[in-house]
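Only one structure is covered here, and it is reproduced in the block below.
Chains here go by letter, A, B, C and D, matching the order in which they are written, and residues are numbered from 1 within each.
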Amino acid sequence: MSEEKKPMATIYIMGKAYKVPNTLTIMKAIEYAGYRFIRSCGCRGGFCGSCTTFYRVKNDYKLYVDLACQKRVEDEMYIVQLPFIPAEKPKWDLGKMKPTTDEVIRIFPEITRCLSCNVCTEACPQDIEVMRAIQALRRGDLEDTVNLTFDCISCGACSMRCPAEITHYQVFQLARGLYGKYETIPAKHLVERVKEIEEGSFDDELSKLMDMNVEKLKELYKKREIEK
Amino acid sequence: MEVLYYPGCSLKNTYPEFEKSTYAACEKLGINLVEIPEWNCCGVVPSLATDNVMRHLGAVRSFINAQEKGKEIGTNVVVTLCSMCYNVLKRVNLILKEQVDTLKNVNDFIDDQPDYVPELEIVHFLSLLKNVGFDKLKERIAIPLRGLKVAPYYSCALLRPDRPKGVPIDDPENPTVIENLIRSIGAEPAEFPFKTECCGNYHIVFEPHIVEMRTKKIIGSARSENADVILSPCPLCTYNLQHGNETLDRSEQVPVVFFTQLLALSLDVKSHLSTEIENQIMKKIGGKKFV
Amino acid sequence: MKKTEIIEGYLGYMRESIEVVEKTREKRLKETFPLMSLEEREEILKKFHPDYKEEAKRPVKVGPNKGDLMPHEVADLLEAYPLAKPKDIDLSKVDFNVDILIIGGGGAGMTAALWANYTGVDAENILIVQKLRLGDSNSIMSQGGIQAADKPNDSPGLHYLDVMGGGHFTNDRKLARRLVSDAPMLVKWHEDLGVIYDKESDGTMVTIHGGGTCRKRMHSARDYTGLEIVRSLKDEVLNKNISILEFTSAVELLTDEQMQVAGAVLYNMETQEYYVAKAKSTILTTGGFGRLHIQGFPTTNHYGATADGIILAYRVGAKLRDLDAVQYHPTGAAYPEQIVGLLVTEKVRGLGAQPVNKNGEQFVYPREPRDVEASAIIRECYERNNGIETPTGMKGVWLDSPMVEILQGEGTIAKKLPAMLRQYKRFDIDMTQDPILVFPTLHFQNGGVIVKENAETTVQGLFAAGEVTGGTHGKNRLMGNSILDYSVFGRIAGINAAKHAKKAKIGKLTLNHVTKYKKMLKEAGIETDRKAPILLPEYRGEKVLSHTLEIF
Amino acid sequence: MNELAERVKEISDQNVYSCYLCGNCSAGCMFTDEMDTLPHQVIALVQMEDKDALGKNTSWICASCFVCSVRCPRGLDVAAIMEALREIKIRERGFRKIDLRKIKDIEKLPQIAITAAAQKFTW
């Protein structure tokens, strides 16, 4: 199909109308329109959370949030991006903390203001049940909080919508850190292997392999058994 | 008997002994508490603003979850232990029963859950015990706490305000339900003029001296009545009273325990009292159960 | 069913092929396609791997690697002029004077910063400059996992054999040995930082196979492994108060009269101001070159993967290796158009999904080393013509993802591949029910700056770690060894840069190497207005670009 | 009804003109030692549309114990009137009574206390 014949959509980038092919993602459409990203563009694959985009569509009061790299444009879309979440990151030392909600509240007392309005959940482009996760934390259920928020990419859309001014993505990072550090069982075999390596248990094996010529190495490689 | 149970943040985070002693007692009494799944924070203090229903949402979401769970197990009774939670939940539920517009408003706003049909009954655990009957309870007591003098501290949230009608669990000016409980477990209630006075509530956060002023008076009153312990239904009062105790000389302090802990002790199940307090009590009643 | 009608994400004619795939599924569940012999591998690579296309490469004309074959896209940048003229930069005014300058804030950069800090360099004496936001990198995108030989049936030796075999025995053996020996220690470090790896209830790591592994040693955190590690690193870097400059790139390294690297000229991408950053040790952790779109391939890489590091290093005389070896990940998304080129993690195959052609037949062992697997898919699409063509004219083969649910139990994809599931759901495709269409995509820069075992480059004062370096993986990296690479060598770079900073004496700052490089370009007869590094790719619409005026 | 009284009614559904200033609320209040103005006096100020009512510390010292509300012979919910006065201030743009991040000894406080303070002193 030639460029001109492609079905087009009209989108409003910060209020200005542009015609763009309707198969593009918001990100590619903004570029097509002539913008070059410095901010609001990162991994382009749905992992980094930098391209959070707020939009409305015609005849709809609802405010939508999606990642620009993961959302296809629609006709009559009114778009603005969130280049930065205005928030300092509070500092903490996980090593000196306990895995409790009280510790999280010590850093983020504002989570006690959660109104259960659930607007955060509506805002999350990762479909995380954000309010549920905050409330799980209030219930002292760190594990539930972690499981609910594991897919959080810290885009901060929730935090821009929250009437209680919670910066959820930071709260969840702390919760996951505490859980990971204190509430998961350390892998025993890992500790043992680190010790074996430190003691030099594999030095001979490795040195032998290092000194081996390529042909012999290839032989060994071919002969290695693949674990089922 | 199977009822729905709303724990609240304190029982899960601050005072697990309150919940654990209750579970222990309930098992003995044949009461099955079914925790509401995914309950939300109630907000602790009810919003008195009539033009802002946002602050009721946490309670309503818990009602919805309770309602759905209730359908499964066949009950509409929600029991609370924390008196602050009780006050908020009771009040909001009554408002929703009375005010059709408010109910519609919150149901419309909460579009991600089923509608709330205000048919739940919010009951404080003390009322539940009262309904079971203190006489009947008395029959189950294994270790009567004879000789133990207990100051019944109601504080505010179980008694006030009577608006919407039906919030108080007893007469706001002269309640007796805790005294009845104390008697049924074999202990002696102290005459306690400060039993319905306020501990200072949330002022502990920014104006702790207000709480200190209040709790010193309350503890002093209990002490002058020779109370061995103060019995509390409220985690916040308990915290504030303990804070008050810390500002006093050891000789002037009166230990504060949750009512369910004494109940559990008298039923000869795990009270989750601190060893020190449990020993003190057992010594006082001449019991053999030294931990 | 209409051929052009869209049914649950797929066009009608694709649905017809999916039906065939469904028909053969039961039979395939019991079959394993045989592994290729080393000879077969060599043959298929020569015939189908894009690296073996002679016309895609040329010998570079200048510098330490003069005469080495490189993709045109890389040679173009090595044979390009600097962005800034040395005489326009006032080196007498130093804006940042630090012990350690780290260029690139992805996994390698943050790991290096933390270990430099652990080694005794104060947080304020470490500066990370990052073109995008801290952590926005390929590191955060890696899904599959990290390899470490930490199970009783495994050993660093077996891991070493896999690394060497995957790299076709072209690896720097010392680096490979370091990679496998330090692996368990780094995973342990992550565990201590609070990284939540997938574990059994008794704490045992859940490990699976990756392409080219003989033991199940891939540790993951669902399919957000990179995200989970990077956000933990980022949190730690911020907690330690390490200095960070975001939206700032390094446009040139600085040297002193002794030709030691002594920092860099930085460029604030937003205000266009430059800064002079003086450092006793400089660490390059700039990542790779995916966004150069070698041979026009789509890429899995993040926006800033533009090869800046190798350009900067090359200009100060650092030697490079293996830049002719480009890794095409066998399974990039080929459909829908919106996500073409994005990664379909190898973990999908690790959990049992088979690549199958339009007739529902297997044509390759699902977990050959990446280059071999990619070549087999290219062969299936173009020589044997058994691919499925998309509306944009691309071809791909099916990756039979519903097999994961059958083999590992219903709900496995939601639990172990939430990112993949979400990505397809966004475009109405349910990968638990339907296969997904894949084709190789540009994934990794196998080669890069030559480093010694201590992460130092061939130039004094310059260290490097992660994808910007070459040697560890030889001509082909295995899955799960890139997180490992930046972890192991990020740590080593941090420690050794810290040690070096303690004794280094930096003289007068110069850009003499740039002047010299320009002279070299002129002498080689390179007349061009190409400039490098390019910092960010250019994706603006052609119509716009052909109508721009530079007025402000 | 004056504008301030109107606003109080809007928020609390309480008509301050019902109050005949008997002082029962102030007599029963356990916190008057801390107040610069007694509860019934503040109500009088509202009746007179004296904006000073909003500047008095009375409503902020009120601990919502509801003794006043229970004892009011006119059936007024005095605690709700105090809440209305707080709310009027809290809803003002830029007004900030407390900063939760600056609570002293926060690690010692239970969630219930912080939540209650947050509910009463922030919007």
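FYI, a residue touches a chain if its C-beta (ideal position, glycine included) is under 8 Å from a C-beta of that chain, and two chains touch if they have at least 3 such contacts.
Computed from a prediction, not measured in an experiment: that's the story for all the values here.
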Innermost chain, where centres are averages of C-alpha coordinates:
A
Comparing A-B with A-D, the one with more C-beta contacts is A-B
If you average the Cα atoms of chain A and of chain B to get two centres, how far apart are those centres in Å?
41
Taking each chain's centre as its mean C-alpha position, how far apart are chain C and chain D in Å?
61
Rounded Å distance, chain A centre to chain D centre (Cα mean):
43
Multi-chain contact sites of chain D, meaning residues that touch two or more partners
103, 110-111, 114-115, 119
Among chain C residues, those touching two or more other chains are none
Shared interface positions of chain A, touching two or more other chains
101-102, 112, 138
Touching chain A in the complex: which residues of chain B?
7, 9, 12-14, 38-41, 43, 54-55, 57-58, 60-61, 109-110, 112
Which residues of chain C touch chain A in their complex?
35, 37-38, 132-133, 135-138, 140-141, 148-153, 155-158, 160-162, 164-165, 169, 173-174, 177, 180-181, 184-185, 187-188, 191-197, 199, 201-205, 209, 214-216, 221-222, 224, 226-228, 231-232, 235, 238-239, 241, 247, 269-270, 300, 302-304, 337-339, 342-343, 418-419, 422-423, 426-427, 536, 538-541, 544, 548
In the complex of these two chains, what residues of chain D are touching chain B?
10-13, 30-31, 33-34, 61, 63-67, 69-70, 77, 79-80, 83-84, 87, 98, 103, 109-117, 119-121
Where on chain A is chain D touching in the complex?
101-103, 105-106, 109-110, 112-113, 138
Of chain A, residues touching chain C in the complex:
23-25, 28, 31-39, 41-48, 50, 70-72, 89, 91-94, 126-127, 146, 150-151, 153-154, 173, 176-181, 184-191, 193-194, 197, 202, 205-206, 209-210, 214, 217-218, 220-222, 224-227
